[in-house]
Amino acid sequence: MIEKVFATPDDALHDVPDGATIMFGGFVSAGSPSNLILALRRRGTTGITGIANNIGLGDLLDVLCEKRQLAKFIATFAIRASGGRASRFEEQYARREVELELVPQGTFVERIRAGGAGIGGFLTRTGLGTVVQEGKRVVEAGGVEYLLELPLRADFALIKAHRADRLGNLQYRYAGRNFNPIMATAADIVIAEVEEIVETGEIDPEDVGTPAVYVDRVVRCDPVPVRWEG
Amino acid sequence: MVQGLSRELIALRVARELHDGMVVNLGIGLPTLVSNFLPSGEQILLQAENGILGYGRISDENFDSDLINAGGQPVTLLPGASFFDSAASFAMIRGGHVDVAVLGGLEVSERGDLANWYLPERGGGSIGGAMDLACGAKRLIVAMTHTARGGRPRIRTRCEYPLTAPGVVDLIVTDLAVIEVGPNGLTLTEVAPGIDPDYVQSQTEPHLHRSPTLHEMEL
Amino acid sequence: MIEKVFATPDDALHDVPDGATIMFGGFVSAGSPSNLILALRRRGTTGITGIANNIGLGDLLDVLCEKRQLAKFIATFAIRASGGRASRFEEQYARREVELELVPQGTFVERIRAGGAGIGGFLTRTGLGTVVQEGKRVVEAGGVEYLLELPLRADFALIKAHRADRLGNLQYRYAGRNFNPIMATAADIVIAEVEEIVETGEIDPEDVGTPAVYVDRVVRCDPVPVRWEG
Amino acid sequence: MVQGLSRELIALRVARELHDGMVVNLGIGLPTLVSNFLPSGEQILLQAENGILGYGRISDENFDSDLINAGGQPVTLLPGASFFDSAASFAMIRGGHVDVAVLGGLEVSERGDLANWYLPERGGGSIGGAMDLACGAKRLIVAMTHTARGGRPRIRTRCEYPLTAPGVVDLIVTDLAVIEVGPNGLTLTEVAPGIDPDYVQSQTEPHLHRSPTLHEMEL
C-alpha cells in the first residue's frame, strides 16, 4: 500500500520548489490549512503563485508576505474597500510588489473544478460588461452572450479536512468544505491537514467528501485557532 | 437636517420583501442586518455562499471557525440546514436557485447597473461573490444609504465606479426611499416617514417617476 | 411553510402535460424512480421527451413504450449491440417510431449540471472525431481543440432518494446518487420519490445530498424491486 | 485449429498490468472479469462510473439494487470505498484521475483509434461511459478477441465502425497476443502460449513490429 501519512506539515511540504503554483483551501476562518501555511512560511519557498479565495481575512496566508514569498496571487477577496488596518498583502500590493488577479468567486471555483474535471473551459454570464471581461473571448450560445472562462490548476494544493483515513479519504465538517474538495481535484500533488487520522474503513463511504484518489499526503495537526475580527 | 432611516430600519424595510419559502442571500455589511427582521412563522432559507443553506442568527456562543457565514460571522443553524462545497454553492447562485439577493451598493444606475465592489478613492475593493450573486439571483435588492459622504448621490444616470454587473438591480431600498427599477427607468414607490418626494428627487441624479400608489413606508 | 409532501405518486404528477420534457434519475437498477415512472404510465401523458441515462436496462422506463408515450429520448444507453430480447424501446426505435439522441455519459451529466448551474456551455474532448461531433462547434482553448457542449434542462425531473424531510432535503444511499442530485438542479419542477419522510431537522446537515431549495414535491413509496438480468 | 487464451486468461493477463495504488475502471463484458485476478496484497481501487470508488467482488448475496457496478452487477465494498454522484464520477474520469481503463473492443486501428460501441451489422449500440473513459483515462487497455466471428481481424489499418475515440489505445490484449500502440504503430510484445508470431500477424491487418524482447506470455 502507498504510504500517504506524513509526520509533520514540514515533511509533507518537503519538495515544494521555489516558483511553485499553490492552491490553498479555506474560506475566511473555515477549512483553512493553517498548519500547512505556517510550515510553508518556515520552509521559505519564494516566487509562489498563490490561489485562494481570500488572503488577510481570517486566514493565516498573510504570513507568506512577511518574507515576500508571494510573487502573484489569484483570489476573489484580497483588497478591502473599507475597514481597519491594512494587511501585509494590501501594503505590498499597494507598492506593486505582488501581482493580483481578482476573480469572481463563482468563476474562481468553477475554473478550479474545470481544471480538475478535464473541462477545457466554460461559459458564464458573470463578469460580462465589467473589468472581468478584459482580454476574454465572448461566445454566443443559445442566443445569449457569455464569457469563456478557462481552467485553473496548480502544482500543489494545500487543503484542510476534519478527518482522513490512511488511504487518503477525507471527511469534512460544517462549512469547512468550501474550496477544499474542489482544489483537491485540480493539483498535481494534494496535501491535506486533518484533525484526526483513522484506519482505512473507519470513515463511512457515505461520509467521504474527497475520495482517496485525489489525496497524495495527509498530516495530522492540532487546528490553529483563527477568527476574522473584521 | 433631514433624518432618514437608520441602518436597522433599512434592513427592516428590506425584510418586508421576503416571503415564505424563499431562498435568500444576504451580502456583507448592511444586508446582514436583514436576518434580524425576518417575518416570523414563515420559512425563509438563508444561503451563505461559503456553503450553508438554512443558517439562523449570528451568535458568538460556542464559536466554531468552521461555522460562519460569508461575512465570516459565526452563525447558528436552523432545522433543515445543509452544507455543500463552493462549486455547489455557486451552481445554486448562478443557476437561478436563489430567489432574492440583498447586496450593498456604492452606485446604482437608472438602468439597474450595480457598482458595489471597488472604491476608486481608496483604490481598493474585492469582487468576492458579488458578481455571481448580482447575475444569478432571480431578484436583486440593493440596500444602501441614498447618498455617499458629502451628499454625492449614489443613484446615478450611469455608474462611474467599475460595475459589478449591468442591468441587474430590481429594487433599491435606502434611508430615504424605496425605488423600483424597470424598463422605463426608476419609479419612486415609497418614502421614509417624514421625507418629501421632492427631497428624494433632489438627492437622486436621474429622474424618478412617481408611482400612482406612492406612499410613506410602513415600518 | 410550503407543503411539499404529496400523498401518492399520481398526485405528485397531477400537472404533467402532454409534450413535457422529463428527466428521470437512476442508473440501471440504482436510484431509479420506479413508482413515479409507473404513475406516469397510469397518467397516460403522451409526446414526452425523456432524459435518462438508460432505458430498458434494469429500469422500468420501458413501460412508457407500452402506450407509446415517448416521442423522443435522450440517453447514454438505449440500444444494445448484443444481448437478448429487444426492449419495447428498441423495437419502436427500429421502426423509427421514437427519436433517440445518444450522448456520452460524462457529457450527458455535465450538460445537465450546466443546465442547473447557469453555465451556458462547456468544452470537452469527449466525442471529438466521432459521430458525437456532428453539428457541434469546435472551440480551441489553450492550444487544444474541444467540442462546445450545451446545457440540458427539463420541465420536470422525477428522481429517487432514500429519505426526505418535510422541507425537501434529500439523503441518498450507496450508488443511488448517480444522476439524481444533478437532475434535481436542472428542472422547473422536481419530484422526489423516497422510502421515508422525516420531520425537518432529522436529517443531519452533513448528510443532505440535495438541499431543499431544489425539491418541489416529495412522495413516500415502497421501493419497487428492480434488477437487471442482462 | 489454433487455440488462444480463454476469456478468463485474457483477463488474467490484463490484471498483470495493474499495480499498487492504481485507480482502475473496468468496462462491461470481458474487462469485468479482470476483478477476479487482481494482485493480492496490493491496493487497487476499482472505479465504477455510476459512482463508486473501491468496490470489491461481484456478489449475489444480499442483493441491493443501489449497490451495483456500471454493468448493473451487484458488488461488495472494500474498506476505504466511497460514493459520489455521476457528475463527480465523470469529473474523476475526464479529469485524468483514473490510471487505467480496461475496455472491450470491436476494432482498434494501428494509430490507436478505438471502435467499441456500435455494431453496424446489428444496427445497434450505445455510448454509455465508453467515450469519456477512452478520452480521460491515463492509460487505455483494450481486451478483446483477436478476430471477430468469421475470422475478420479486429486490429485494422483503420477502423470501419464508428469510433469511440481516435488515438487513445495504449495496449491491446487478445487471446493471441499483447500488442503495444506507439507513435510508430503496433509492436508485438507477447504471444499466447503455443502461438506463433507469424500466425498473430496473419490475423492482424496492419504490420506488427516485433519487440526485441518478444516472448511468450507468463500466465
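Letters are used for the chains, namely A, B, C and D, taken in the order the chains are written, and counting of residues starts over at 1 for each.
As a convention for this text, a contact is a pair of C-beta atoms (placed from the backbone, for glycine too) under 8 Å apart; a residue touches a chain by one contact, two chains touch by 3 or more.
None of these values were measured; they are calculated from a predicted model.
Listing every chain that touches subunit A and subunit D alike gives C. Of the two interfaces, B-C and A-B, the higher number of touching C-beta pairs belongs to A-B. With centres defined as mean CA coordinates, subunit D is found 56 Å away from subunit B.
Centroids built from CA atoms put subunit C at 33 Å from subunit A.
Averaged C-alpha coordinates put the centre of subunit B at 36 Å from the centre of subunit C.
Computed centre separation for the pair subunit A/subunit B is 29 angstrom, with centres defined by C-alpha atoms. Contact of a single residue of subunit B with at least two other chains is seen at positions 83-84, 90, 93-94, 135-136. Under the contact definition stated at the top, the residues of subunit A that touch 2 or more other chains are 110, 113, 117-119, 124-125, 173-174, 205-206. Every pair of chains meeting the contact definition is listed here: A-B, A-C, A-D, B-C, C-D. Interface of subunit A with subunit D (complex): residues 1-2, 113, 115-119, 165, 167, 169, 185, 199-201, 203, 205-206, 208, 211-214. The touching residues of subunit A, when paired with subunit C in their complex, are 110, 114, 117-125, 139, 141-142, 144, 146, 148, 150-151, 173-174, 205-207. By the touch rule above, subunit A contacts subunit B in their complex via residues 27-32, 53, 57-58, 75-82, 90, 94, 102-107, 109-110, 112-113, 124-132, 172-182, 209, 223, 225-228, 230.
Every residue of subunit B that touches subunit C in the complex is listed here, in rising order: 20-21, 23, 42-43, 45, 47, 53-54, 77, 79-84, 90-98, 135-136.
Per the touch definition, subunit D reaches subunit C in the complex via residues 48-52, 63-68, 70, 72, 83-87, 89-90, 93-94, 106, 117-119, 122-132, 135-136, 162-166.
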